[in-house]
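In order of appearance the chains are A, B, C, D and E, and numbering begins at 1 in each one.
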């Protein structure tokens, strides 16, 4: 796993607010994109000097979205923080890509950390949680992503072609759209894990190959990991849509409550599957135990029947000079009769004990 | 199972509020029925053009119920939404037949999603949860069902023959009647599962056929599934009967509190049976373990007695030329005496160890 | 068990408020007794016509208690409801003898459903929960019992002989007395189950007869069943003694808080015993496992010693013509030496492995 | 155990407030001691007539402590109740030595029931919980103990020699001192149980004598029993130090919050040890299972090697006339070679399977 | 463990507020250091007479930090308490090095007890929790440490070289810095335990050496122990940053909320690892059970095949005079055919039963 805590150590002894990137992605140049639009207008450009994003972003009518991809260049991050007046502690949280989802607000600035699911393969376990930090100000949204991804491409597309409400709405609707996109990224993974769990259930009810416990353990640990970010995200979203921050309009609040519904659904589903997997483990254990009983019963019956017979034939294998039975005419046949009697008796007894 | 999450994926990337039906029932034509009545008057008709339901529905004195069966025709749904001024996000939830039960209100419109139990066979597992969405407005109720069913037939019948309070009451009493009908649909299933659980209990206390763990697992998973919709339904009902919405009169609130009692009872019963099934699994495991002990004890006693005897008779089966005992007159009989002594000693020892 | 849900089904499709008796006791004639008293006066009579209980009951100074035994005659119940102005939904709850304990109030009428324990034998499992419904009005108390019982005899006796505060107090003190009597009926059963649990504990710590798991399961299921009615009863009592209903005086509230203490104690005790029984099951499992180890160790040691010996004597039982050892003078004795050496070696090794 | 519920039954049918002693200690004469002091003055005497404690106790300046030892003489208890105006229900609770800890207040009288630990031996299990009831009035404290004990001797000593704040403080500081003494009586026991648990842990990690499960069970049941009185005591103390009763001064409140800290610590420690013991049981089970595997592996390897060998030598022990191998010159040696080959093969196979 | 409760006993019978050191470190002389600074000024000196720290500490503009290392000299502690007007009960808590983390405030004095992690070796288990007590007054901070350590060296360093905000901020920022340093001390340990847990997980999924249960038990008990101090610390921090104490400025509150985030993260991580370890134990048990099944299956198959064969060859080892088969020409070969047939039959049967 090694998933729960990453490289915190290198920060020890530094004063709080020191900007240190703790993630794994050392993108050489971080990319800063400026997307700004009004009802009629759409500009998207990559920014070289941070100061360039300043003028537009403080214009009244335009909606401005600063999209930062890559967090390894702390200098640029600090500059952005200065321009938009973001507290150093928050920038520190942005750079700490291992932060738990949270929502905070200070005056008219809303700060949200959340995790998005990134699949890098077809298998259930080929996923990663990537941290996204969002700031909502008066007329700007800033998004920080740990790595370049196509996560927000559909949102940009929707703005470009002016589809949906996004172009005609306030800045908070853009903020909501970004959150919604992140939350939606959980669905395919949860569904994939769900399918894997269903497959495991069918396998448990049919056979018992060894790696089932491992598979169950893996899925369970995936679910615990997912829940660890979905749980706080749920709380954060509730905090946002209940927040009385003036940046968030009543209409958007309604949309946010819908997104909140989604994350509640995701959390419920994760819990359901976890409960189901724990149940599976119990059934598997019970099956094991039953199988063991079957095996032991078989061995016991088999051994119990042949052990006395072997003893009897052993008796008449002895070489004593003086063994009257040996010389009897019907001795051999009597032994057979005795052995058949014993066997029948034992079989009857096992039958009565319900072992057969 | 595959029950917890359905086809969410196809919605990814679409803007929120996009109407997409995610259910399994692709009814060709959705059926829209208009039931409208006053104290003295009763009209029931099928509507072809959605606009037809408009005039009556906005009349002051008449109670109007628009009953929509089938959700596959998103165009019609959208039209209804426009006529009755329902938010697109809510329509999206109506179409998402995998939504968890919830209650929301906006101005004087109350929106409730709940699940009804549909049995399609005699067996415990032959059930399905079907989503019903209800809207309560000033003088209308709209119900959306995923599939045509006879669920609300008794309500219509009661209105027709003017039995009960339903005809003389306000629109909210109709709303309550629909909820009550849905909640009541849980009882037969819970009772059926309860009977199955009781049968399993008796079987566990009597014998141990293999599929008991599977049966227990199945019932438990049914209960988890049921609880997953009954739990949020409980919350929603509490929210409704505590809501201060003006559409709901004090009298109806009293009735709703009764329905709330029912769903609390259902949830309690589900929990009781789940606890009982978990207990059963424990007893079963304990029985298995006890049985195993019995089997092993038997094998051990049996083997322990015959193994040394077989060894002894083996000794005198050796062909050494120089074996004095062989030639003794009473050698054979001495061996018998030795063997009987050993057997008695072991039996006594087992007795003392409480293994017999 | 079959205890958790009874005969709800026959009510489906009926409008709410329909009076249907779902219990098991079809008493032919329900008995209605009127007990009415003032400080100086005591009347107890059986009532034939329901109207007879009317005049006294609305007199100001007298305390009136209508005691109904048997619920099968819905007509009489309805009449009582009309006279005392009780809502049909509440009467429905009275008749539904499977209702969970609850407390509700409407204007100055307090409605309480609770369960009383009825023992019909000496054994732990010979108990039944019988539903009692109580109404507290301005100057009357109505009690509904599912079956004739001597439950309230001590209360009537106390009124008759004017012992205790009951005669000189307000109507709410009578109400309290009835509740207190019902709550007290839990003690003997809980104590009985407790003793049975203590006995089981001693048995577990001493021996391991098979039916211990069943006994534990039985007691645990009894406790779950009891808790299911004691839990909501606790909540209801808290609701009553915190209620601001004017019918309940400060003094009585003090008494009610004492009864609340009792039910809290009962709930705690039930939980303690449940925890203890679950612990017992764990110890039993652990003992089983230990015993199994002992048995297997014994078998293994025994078999491991004799199996090689039997093999050795088998060798010299072979009939090969050319077997030099056979003809050696000391062959037989050498074999004995070899066998003793092997046995000693194995015993030493087992000793070292701590298996002896 | 028999610890959770004692002799409640004999109270059934009696009206509430009936004084009946349910404890085990039938002290012939209950002892009533009067300790009264001012800053400069100290009186301690045994009282014969209850009325004697009256005059001093209602004097303004003196702090009066009535210390009652023994509860079997209900008459005296009732007299005390009348003098100090204590409600009969509270006296009933005082006499019910099985009552759970609770705090109640009525006007300016504070009533607290708590349990003190009494050790009557060196062993962990040689402890008893004894009930202490305290009343705090305007200028008096009354303490009821079930049996004579030296519990409060240190407090009396401190008053006598005027050590600590106790002499110069208000009556509530005396009240606090008594509570503090009772709470402190838990420490030695919890520490003793803790040491026993630590010893068990070491034993589990070293060997596996049978009675470890019993010891664990015993300790766990002790902890459950302790928690059952420490838990409600915690709540009661919180209630006291948050109470706005005028009898309790701000300064004493500060001391009470310290005592509250202690009981929180005790509860935490009890929980920690319980969790640790449950963990131990798991480890023990796991060890058992591992040991079992070892034993079975040994038996299987041993038996699997010798069983075929025994079969082979059995073949050539047959007496058939026509058995060519018997007469071969190297027959006997070939059998040895075959047997060695088989043994080597099996050993190699076991090695590969990681069973050796 | 012996970690949960230390040497409380020696305090019994003493009046509350008696200063007794219960820790393990009997440092001969406790060291009192005075660090006092303004924006421009920095003084650090060791103090011999406690009165020396008085004048500066009550100066208005200077920030004063009294750093006490070692708690064994109760006299000095009492003097400090008198100078800074600290309640005896709090000093008692400072000396009780086994106290659970807590936060209390009285007027403008804030008192915080917390635990810091001290590693004294490379291994996971080489850690100790050391108690740190902090007082925040108007213009002073007092810190008590149980033993001399380099814990706060980085803070002193930062003050000396005037790095970070610490020099220019209020006294509460110093207070925060000390807390932050203590909280940060948890990270390396949690990370180390995490790595150990990850290693165990890999080992469980690969092999099954015996001491894995012990390792898991050890780590789990470490986590329980850590959680026991991290949990209350979390609550205390929340209490501080929500406290309305005037000593704590809005800006510092923001920093404290960051530290609160850290401790929440630590608690979450501890819980995650605990859950993971419990899961591991389950998987290990399941593996054990599976392995046992494999072993038993092998033994059963092996024994079941050879036991009847051994019996058959035993038959013809009997020495009866009259045994017709013995003399048959093809007798020996027929026996072989019979034995091969039996073996094939059994193997086929095992195959069909899925045991091979």
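Here is the rule we go by: contacts are C-beta pairs under 8 Å (C-beta built on N, C-alpha and C of every residue); 3 or more make two chains touch, one makes a residue touch a chain.
Owing to the predicted nature of the structure, the values given are computational and were not obtained by experimental measurement.
Participant: Averaged over CA atoms, how far is the centre of chain C from the centre of chain E? Could you give it in whole Å?
Facilitator: Chain C and chain E have C-alpha centres separated by 41 Å.
Participant: Centroid from C-alpha atoms only, then distance chain A to chain B, rounded to Å. What do you get?
Facilitator: 26
Participant: If a residue has to touch 2 or more other chains to count, which residues of chain D qualify?
Facilitator: 285, 289, 292, 296, 299, 303, 307, 310, 314, 317-319, 323
Participant: Name the graph shape formed by the protein chains and their touching pairs; answer line, ring, star, complete or other.
Facilitator: ring
Participant: Could you walk the ring starting from chain A, turning first toward chain B, and list the chains encountered?
Facilitator: A, B, C, D, E
Participant: Could you please specify the touching residues of chain E with respect to chain D in the complex?
Facilitator: Residues of chain E touching chain D: 1-2, 4-5, 8-9, 11-13, 15-17, 87, 89, 92-93, 99-100, 102, 104, 106, 207-208, 210, 213-214, 217, 220-221, 224, 228, 281, 284-285, 288-289, 291-292, 295-296, 298-299, 302-303, 306-307, 309-310, 313-314, 316-319, 323, 325-332, 335.
Participant: Show me the residue ranges of chain D that touch chain E in the complex, using the header's touch definition.
Facilitator: Within the complex, chain D touches chain E at residues 154, 158, 163-166, 177, 180, 184, 187-188, 190-191, 194-195, 197-198, 201, 205, 254-255, 257-259, 261, 264-265, 268-269, 272-273, 275-276, 279-280, 282-283, 285-287, 289-290, 292-293, 296-297, 299-300, 303-304, 307-308, 310-311, 314-315, 317-323, 354-355.
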